[in-house]
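Shared between the two complexes below is chain A, which has chain B as its partner in the first and chain C in the second.
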Partner chain A sequence: MRRNESLIHIAAFLLVIGLSAVLYAVFTDTRPGLKALDASLKERVSYHYLLKTAGNPAQPAERKVTVGKSGYEDGSANIVTAIVVDYRALDTLGEVLVLFAASAGVGLLMSKRKRKIETEASPIVTTAVPMIMLFAVVVGLYIIFHGHLSPGGGFPGGAIIASAYMIQFLAFRKKFSGNLFKILESLAGLGILGMGLAGLYTEGSFLANFLPTGELGAVFSAAGIMILYALIGIKVASELSSIIGHFIGEK
Partner chain B sequence: METILFALSGLSLVMVGIFGILTKKNIIKILLGLNLMETGINLFVVAMGFFKGGKTPIITESFTASTMHFVDPLPHALVLTSIVIGLGTTALALTLTLNYFREHKHIEFRGDNA
Partner chain C sequence: MNNALLLLAFPLTAVFLIPVGTVFYKGFGRFLSMLSYLAGIVYGIYLFPSILAGSKTVIVGNWAPPFGINLFISPFSLGLVILIFSAAFIIMVTDLQNKGKSGQYYLLYTLFVMASAGMVLTGDIFNLFVFLEIGGIASFALIAAGASPMGSAGSLRYLIQAQITSLSMLAGIILIYSASGVLNIAVLAQFKTFNPAFAFLALALLLFPFMLESKLFPLHTWVGGAYLGADHPFAASMSGIAATAAGAVMLRIVLTLANPQSGFGTAGKSIQTMLIILGGITVLIGEGAAFTEKNFKKTLGYSSAGQMGIIAVGIGLATKDALAGVLFLILNHTAAKILLFSVAGLFSKVSGKEKWADMKGIGRIYPLPAALFAAGAMALFGIPMFSGFWGKLYVLKSAFALGGLAYAGAGAILLGTIFEGIYFMKISHTFFEKSDISLERKHYPFFGIPALFLAAVLLAPGLFPSILGPWVQASVKELLNPISGYVHIILTSGGAM
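What follows is the complex of A and B.
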């Protein structure tokens, strides 16, 4: 038994060493030809599809979106957000569905269980937690609604709001009724589907951006992205809160 | 050179994860190895779009017009998807681990109980 274990360790070590040697050889190859990391900048997707200009900040009239080769652009200053929620929004819909499946699976497999440790939280905790909760909710909303301007968006913002729910759950052990999260999640999912169908009806493709782009860099620009990210934030927050509730257990 | 260093450090995390998955018997440690692998793959995919001196792909007043200053934003979007899916699968795997613990009263893969 012992001997087998050490043999497995040696075999795994040799496998890892071999794989590392192959990868190192691939990435430090100096012979002529196209290398693994050698793609020219003009072969990137963003070169063909993202031609935006913020113009001269002194003249707000110039701060508009230049239509690129694709013909459709949105007013998001954050290009990653533009890709996630607009150009590849169908991916994001699938991602949200995967998260929903994980949340439903956790709810199905985690039968009701009682918490074993029952201690009252100290006054320091019960005083500090509401303030931290308020702060966390405000930061989460800020990150959700600035997803088109700064790093962030619906997913991290939703996770921050779910963490606010988690700390109140740990401190006060108050659980919202199980149906609240389901209702919120279903409404947000239906909203995302409704946005997709509206894009299909007006622009001819599912989840297309049909709302006005606005002025690039303003808070209320890229209306479609803002609405979609708000819906995604609600959905992610309720799903993660439901997972957290299942993990911590009931009283 | 920086890109190669970035990619190789991500891939070394993948190697640590593979080693952990192959040799550990505790389910929690196997899940840790899976998560290390996932993080390494994410770093590697981000490294694919990196070049030296590239800026964050957000249009600001300093970088207004051209997108050629920016690192490639497409891997970032893909990695965002990957992180969220990794979180969902980890939550599901932990739930399965808890069910295994209730059934067997331990979370080790031993030779005797198959």
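What follows is the complex of A and C.
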């Protein structure tokens, strides 16, 4: 083991030296060419995401995106959501899979753990928890369904709903059974995949938005994004709940 | 042509169905994951003739590049995706005997395979990062799930190193985006000139995780722990699938993204030099470590590092011959490593030992597996008649033709090959040595058929290299002419086809 350790130290040392040398070269290099932060806003792809002109980049530069109008290529008033769930939807599917892998990994590795300490929660806790849960679920649902309008969306909303499950789990000491969550996350995942394949079938491209974009800024607009975010919310909530269940639950 | 995304959708369907199916039937995960790989292989082979005639781009979300994400289906990428799916299918077949694995294992394994295929196909550097993360997280859990108690330790070490390198890749992506404003490989490959020092930093950061996965010096230190921890099928996958995907991505980044005409031109040349140097060192260190190592799985893991070192030298040389050699070596390494790991798994199962030195005489009881091990070892070593011979020959030929630094790389490959030959001969000899080992001989039908098939895969291109000819020629042409091929196809085809 000692021999390997010294090898690792040498490797790490060489890496640090090499990276420092390259960084020094970057800061002192005066040769022409683009460096970090050299792309102006108009040169970035995000400029076209802001103006909603990715489908037709040649549109005039004085174009404005106004709330209340319809007919834009993407119906989300929240620009981050437009990028995450529409323009770069495959990346979001990937992020969903990252969480899915983490949850499955926890399930695979922690399934043999047993909880040892067992204490009853006080009446104060058991009375307050249902109210807090209700509040958390409502906030979570609000954040999920306003993902296309205001900051938030399926990931944070799902995490808030999972927090409701966590306090319920801590207060009432129920037995953890992962099957419900497994089925929920499977169905939500299949729903996301189904939305993607529906796009492939109707618009000829995976995850293409085939539903009406609606009026920018309205509560019921950007139907495709809303459905995707609802599915992501279900998936994230059930995955995080199942991770929590595995960590603090007993078999 | 956008239907080609189904290559990724098959494993994804399996991934989402496995948790719900496992609730009702425990063996569902294995069955469905194998079915999805088979579907991927069949669909890939169905697409192959039309792709060989002309590469295609797949647009996701109906946003044309550079705004949306696109996949690139070419002889090179489709061939490697078929290789990845076949490797996964064969590994699953060799593991059919083992019934104890839960549905989550197969779910994670399928995610790992899907992510590796996605890394080969994608044409966007951020999407590449996302696929890398999926594959990484699945691997951490799969290594830790190995039967050995060392699994968690090896997995933790791998996790820390892999997460640091993938963060460095994210930093590289941020640097490139902040300088250029695009993330698409095809657009970047013909972009305005970057400052050479800055471009070198960005490219090196971008390459770190793939150098880690292909075990290049100085990012090879996780190999021992992770291979010791993982069970045999997943150790084979780390060699056969993850390293193949990493090699493909390195080829894509070094030759397409940083091609000589691109804004990365000068930096690309330095990166190639770096790959020759690091590859040469990796060959020596990897084969040297394998030479002294006694644990069977670790020996094979270090030998895989040595093989990937040769591949890195080939990528650094970047000539027509060297790239043909690299493609032969990738195929050879995948098939041979799966074969060797399945033999190692079988032998440690029947003998209960982890060190190859303790398996003295086992080949007298199991002659076929031991002979197949020798065949796989010879293929890695590069004996004529095996595909590894052509791979090493082409890389060495090109290195000697180029001269200069390439001589050093060629010297390292030759010296490493000598080590490789010695320890593989020692192991093969140990199997057939006379000893007082007494084991009951059982039959393992799920071992024999895939192992014989793998041996055939190693032999056929070795005896008749022309059967790989069309694929190798088309791939090398694609890799060496990125502007007229890759960039042209992606940027002119526009919307959905």
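The working rule: the second predicted complex is superposed on the first by the 187 of 251 C-alpha atoms of A that agree within 3 Å, B and C clash if a C-alpha of one lies under 4 Å from a C-alpha of the other, contacts with A are read in each partner's own complex, and residues count from 1 in each chain.
Criterion: contacts are C-beta pairs under 8 Å (C-beta built on N, C-alpha and C of every residue); 3 or more make two chains touch, one makes a residue touch a chain.
Just so it is clear, the structure is predicted and the values come from calculations on it, not from any experiment.
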(message) By residue count, which of the two partners contacts chain A more extensively, chain B or chain C?
(response) C
(request) Identify the partner contact of A:208: answer first if only chain B is touched, second if only chain C is, both if each is, neither if none is. (result) second
(message) Once chain A of both complexes is superposed, is A:189 in touch with chain B (first), chain C (second), both, or neither?
(response) second
(request) Return first, second, both or neither, reflecting whether A:77 touches chain B, chain C, both chains, or no partner chain. (result) first
(request) Look at A:243 in the shared chain and tell me whether it touches chain B only, chain C only, both, or neither; answer first, second, both or neither. (result) first
(request) Once the structures are superposed on A, label A:12 by its partner contacts, choosing first (chain B), second (chain C), both or neither. (result) both
(message) Per the contact definition in the header, classify A:124: touching chain B only (first), chain C only (second), both, or neither.
(response) neither
(request) Tell me which partner A:31 touches in the superposition: chain B (first), chain C (second), both or neither. (result) second
(request) Go through chain A and flag every residue that touches chain B in one model and chain C in the other. (result) 8, 11-12, 15, 23, 28, 36-37, 44-47, 54-55, 57, 88, 91, 95, 98, 101-102, 105-106, 109
(request) Report the residues of chain B in contact with chain A in the complex, numbered from low to high. (result) 3-4, 7-8, 11-12, 15, 18-19, 22-23, 47-49, 51, 56-61, 64-65, 67-68, 70, 72-74, 76-77, 80-81, 83-85, 87-89, 91-92, 94-96, 98-99, 111
(request) Name, in rising order, each residue of chain A that touches chain C in their complex. (result) 4, 7-8, 10-12, 14-15, 22-23, 25-26, 28-29, 31-40, 43-49, 54-55, 57, 86-91, 94-95, 97-98, 100-102, 104-109, 111, 179, 182-183, 185-187, 189-190, 193, 196-197, 199-200, 203-209
(request) Under the touch definition given earlier, write down the residues of chain C that touch chain A in their complex. (result) 2-3, 5, 9, 12-13, 15-20, 22-23, 58-64, 66-69, 102, 104-105, 107-108, 111, 114-115, 118, 126-127, 130-131, 133-134, 137-138, 140-141, 144-145, 175, 177-183, 192-201, 204, 217-221, 224, 263, 496
(request) Provide the residue numbers of chain A that touch chain B in the complex, in ascending order. (result) 1, 8-9, 11-13, 15-16, 19-20, 23-24, 27-28, 36-37, 41, 44-47, 50-57, 77-80, 82-84, 88, 91-92, 95, 98-99, 101-103, 105-106, 109-110, 149-151, 155, 216-217, 236, 243, 246-247
